[in-house]
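Look at the two complexes coming up: chain A is in both, with chain B in one and chain C in the other.
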Partner chain A sequence: MDLSLLPQFLITGLSTGALYALITLGFVLVYRATSVVNFAIGEFLLVGAYLVYTFNVAPFNLPLPLAMLVALPVAFLFGWLIERGFVRPLLGRNVVAVIMATIGLVATLDGVAQLVWGADQKAYNGELPGQPIVLGSLVLTARSMWGIVVGIGVALLLIALLRYSRYGVMIRAVSESETAALALGINAPRMVGIVWGLSAALAALGGVLLASASGPGFHVIALGLMVFPVAILGGMDSVPGAVIAGLALGVVQALSTGYLEGSLPGITEAIPFVIVLLVLLLRPYGLFGQSRIERV
Partner chain B sequence: MLFRLSQTLTDRYSRTFARTVRATYRQDEAYASTPLGRLWLWTALVLLVMLPLLLPPYPMYVVVLIAIASIGALGLHLLVGGAGQISLGHAAFLGIGAYTASHLAGPLAAVGILLGGVLAGLIGIVLGLPSLRIKGTYLAIATLALQFLADYVFKRWEAVTGGIRGRTLPPAEFLGISMPNADALWYLVLLFAIPLFFYAKRLLSSRAGRLWYAVRDNDLSARLSGVDLTRAKLTAFAISAFYAGIAGGLLANLYKSITPDNFVLTFSIQYLAMVIVGGAGTVLGAVLGATFIVLIPEVLNAIVGAFGPQFAPSFAAWRNVVFGALILLFLILEPLGLVGLWGRIRDYFRTWPLPY
Partner chain C sequence: MKATRRQVLKAGLAASTVFSPLAISLAQSRPLKMAVLYPLTGPFAFAGQAGLEGLRDATDYFNEVRGGVGGRKVELIVEDTGYDVSRGTAAFNRIISREREDELLFVYGDSTGLSKALAPEIARLQLPYTATSFSTELADPKTYPTIFVFGPTYNDMMAALLQQIRRTKGKARVALVYSNSEFGKDPIPYVKEQAPKLGMEIVAEEVTPLAVPDATALALKLRQANPDFVICHGYVLTVEPLLLRAAREQGMQAVFMGTYYSAELALMQRAGAAADGFIVAYHNPYWYDNLASGIDQLKKFRASKGKDNNYKTTYYVGAYTSCSAIWEAYRRAGAAGKLNRAGVVESLNNMGDWDTGGLIRSLRFVNHRLPYTKLYRANVKTGRFDAITDWVTLG
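Right, the complex of A and B next:
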């Protein structure tokens, strides 16, 4: 164990963790508003990362940050369409049916992405702008800065919007009770559409930043599946839980890559899912979730 | 007069072809409810036994695949359609069965396959434990986690699984008869498939099945009417995993070489697709669903062949699109699956030509 590298691992972990938090935030919003668990979240990341790639290369040739800005509304639209087309027709059916539908989306979107963008690994054109900051032995790369700043910044912005903005209040009302929200004249279906769009946009943002080092490719899906450990640990319906658990799991993974991977190769991918099982057995509602789970 | 005639005809029809009213549990538990049904059953069994004589090698290979997939799908059917629990880790159980069978191959193949099923069943009980505290969504996530952990174990426990290179098996032997190809292996598959199918049918139509349906429809009221939920759920998980383990063992003997890639999440999703496309909770549904899903790649292959080789690279992508689209279409348009579709066609002819 070389403890001198610890701060470096922590920084790397926090930057990945902030992005996990961001993606999970979108996932949790969808769950709160519609009780739908989106198993296709990994594909949302994939599509997002590829959309940015499309705007990043010819014929658009936008620099990476600009491409992200252009791609986000498209990703929002994509999420909104998914809700319209595949989730809304199943409203009122049992949970298993809706879970299955998102699993069906997993296969469909995998295939469509492969047909549109090809199966091979792509590379983004250019890097994220920024100079690395060196503090003694600690190096803050531009990429980790982007991760931490965008991840935590957007998460805080979103929490503020949810709390204070008009639409945020309406979304929370729909999550609380759809019937009551409808009775008060809130356009609940529209809110649900917005939440799905938001989730897709957040997934796209997280996806492109997570993939900025390697370029977009099918490994992004595995990163998207990290949403499940994060959401379970933080509590499926907890917004602050998503942020804290995201950061925590990012750090755990970075530490495990640094210290355990040498002796136990592959363990980094397994640890989050061990955590899932432990949390589900010991404290199924997570660290911050409401203990509303029915037990029979 | 015409009315009377049509009524008699309808009555006659349903008594011979499709009995809908079952007065006793005995009728409910019967494998075939009409004389014609019984005739069908026996013809089908004889046909199954003679199949390798009738089919050329490649179609026979596909049929063996379908039969093995049906066993696996049937296991998931019992869990999803029967007890209403969801599992995204079915491929992991197939893997357990397959790796166990790979250690007891050759002359011991039948024992290995059976043992693989038993081992998978035991692990199924352990993995069913989360279902006692959590359900629906949370259970799906728990089984997803198990699928990933199993993947990790298959890849890294090199002493037992051979790591990413996997394991190879010698041809199976049964009672001294070597089974080098699909034609011969078919009989080993039948040896397992026929009892398992009859057992599943019996399970679903007897007490165990009725308990599962009660849990599926409303676990709270099932508990209130005295169903032992713990037992019902754990048996569902154990039996479902047992079926998957057997299917995995047979698959290993068919492929003769297995790698962790044979048991990844995609295959769990494929089995779920079989259940949905087939239709919930019936034995026929498992077979229809498995046939459908196994045939898709074959049909796509043929289409790709017809359009020319330039489409071959996108083959995997198209297969995924078709799988996913089928799941979505059936969920949205025909929740009862192929069985429901068949039932509606049958009902149409039951009252034909005077539907009212």
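Right, the complex of A and C next:
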């Protein structure tokens, strides 16, 4: 085991983990507000990555960072429309029906994405700005810096907004109890729409950063599947939990790639789920999830 | 009135005399089929969709220009596998149970995983088969006498790359990076066995998932191993661009290489300048190759149908080539009066004289694979792969 590589693995893991955290935040917000497990979160990444691509190539030809900024409101609108057209009619129905519907959403969005953007291999036009920083054997690439800065920055900003802004307080109120929120005059349906929009925007940001070098494509969905172990580990309904679990699993995956994958092929894909299983044995509601007492 | 046995027999005989020519002519007018199990959705849809277009063009060309098999049309039965072995197996079973044995004479499958799963049943049914996979295990006529690989196997591609390394550097330090999949692992034992025999040292072996979020640490590990050459295999341009960028950012000077599925122009679009010099083993012509008459012919045919002649991918050209050869095998089997599965296998085994129009070196199968390839080098300035060798014939 070469420990001289450890700092590099930590940096790489933090960068990837920050993106996991970013995407998981949107997933957790949706779960808190609507109790819906969005199985289509990988497709949200895909659509987001493709939206950025749309603004990045002809006829728009916007530089990648600008394309990201322009795509965010469109991604927000996409999430809001999904909530309006697909999720809201199902609220209050049997939980299995809602789960099946979001699984149906996966197939629908896969098909729509292929129909709209085609199946061919695409690449972003240009790169994320920035030069790699080399400190001895430690390399901090522009992609890593973007991952860490955007991932952690946006996550902290979101936590602050949820805690201190008027809309954030209203979203938290709806998350706690929709009925109580409605009684207090909060427009709960509007808040839920905003949460879905926010989730799609965060997924777009995560999707494009994950795909910035490999190009947008269906492989992004596989990367998005990491949301599930991160959310479960963090506690499903915990916003800080999503951030901490994202960073932790990112680092664990990087260390696994560095030190274990050679002797145990496939371990990197499995290890997040193994950790989740072990943690759930000790803490059934995840590391930061609220334990709930249900009377039956 | 009750009919006697003699009357029934006479009526049957009369009916068969009247109707059997009709039945025969009806059967002869029915189309001959090839089943296509392709990944039309999911992570390999880019190859499946492009390949399907190639199969359809080859089919249209065969029916419209070459007149089918003695006037009988050929057609494709297409099913989406989603690059999923269980879905592909279900589609295969559905087709086999539905289609007539004298009409369905070939199956064109997809992944290494699906092909390996279907191989025993293919052998049992004596059903001619090929796939988008170039798995070495499939090119085994003793075990699978009806399976053909329309190109070099992954082992062959590796052999060609090792030859190139030997020509360039001799006793080189070689690193292997491959995906943890059937596809990725397929040629690795061969390379590990052959490289030392050629005086090379395998200095690093990195296994990754099919898609990774970051390759910085991977590049760092490679940099520490200090290889002269890095061979990537088992990816579809999801990891290679990340790895190339990370490696160049860290100042790695090694020559990167890849096999068939890395040989698409999107590599340069995704990796940018870092892709310059990437060497691939690829056995069909590129769409822009003006030395292949088969490509010219195809462009003219597409133009005559009002189709665009914009760049077509390697997956398209590969599928078009294989499908054209398969229809030719149908035609030859028909001409020999053996229009059945065994006849198609026999024809494929004797296709060495077929004029490929430069779409591939030759249709002369050696152990049910076509052991010929060229090596190309990525030229980022032109955005193309340039041939750096003539045809390399492998063992």
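The working rule: the second predicted complex is superposed on the first by the 287 of 296 C-alpha atoms of A that agree within 3 Å, B and C clash if a C-alpha of one lies under 4 Å from a C-alpha of the other, contacts with A are read in each partner's own complex, and residues count from 1 in each chain.
The rule is simple: a residue touches a chain if its C-beta (ideal position, glycine included) is under 8 Å from a C-beta of that chain, and two chains touch if they have at least 3 such contacts.
The structure displayed is predicted, hence computed values, not measured ones.
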Chain A as common anchor, with chain B and chain C clashing or fitting:
clash
Now for A:L19: first (chain B), second (chain C), both, or neither, which partner does it touch?
second
If you stack the two complexes on chain A, which partner ends up touching A:G111: first (chain B), second (chain C), both, or neither?
both
If you stack the two complexes on chain A, which partner ends up touching A:E127: first (chain B), second (chain C), both, or neither?
second
Contacts of A:F228 with chain B and chain C, given as first, second, both or neither:
first
State whether A:R32 touches chain B only (first), chain C only (second), both chains, or neither.
neither
Go through the superposed model and pick first if A:G266 touches only chain B, second if only chain C, both, or neither.
both
Would you sort A:P284 into first (chain B), second (chain C), both or neither based on which partner it touches?
first
Which of the two partners, first being chain B and second being chain C, lies in contact with A:S214: first, second, both, or neither?
second
Among the options 7-15, 115-123 or 349-357, identify the stretch of chain C whose C-alpha atoms clash with chain B after superposing on A.
115-123
Residues on chain A touched by both chain B and chain C 110-111, 114, 119, 265-266, 269
Please output the residues of chain A touching chain B within their complex, sorted ascending.
35, 37, 39, 86, 89-90, 93, 95-97, 99-101, 103-112, 114-115, 119, 225, 228-229, 232, 236, 264-267, 269-270, 273-274, 276-277, 280-281, 284, 293-296
Quick one: which bits of chain C touch chain A in the complex? Just the residue numbers, please.
40-43, 45-46, 48-50, 180, 205-214, 216-221, 224, 236-239, 241-242, 245-246, 249-251, 264, 266, 269-272, 313
Over in the complex, which chain A residues touch chain C? Could you list them?
2, 5, 8-9, 11-12, 15-16, 19, 110-111, 114, 118-123, 127, 132, 134, 137, 139, 141, 143-144, 147, 210, 213-215, 217-223, 254, 257-258, 261-262, 265-266, 268-269
Interfacial residue positions of chain B with respect to chain A in the complex
80, 84, 86, 88, 129-130, 133-138, 140-142, 144-146, 148-149, 152, 155-156, 219-220, 223, 229, 266, 269, 272-273, 276, 313-314, 316-328, 331-332, 335
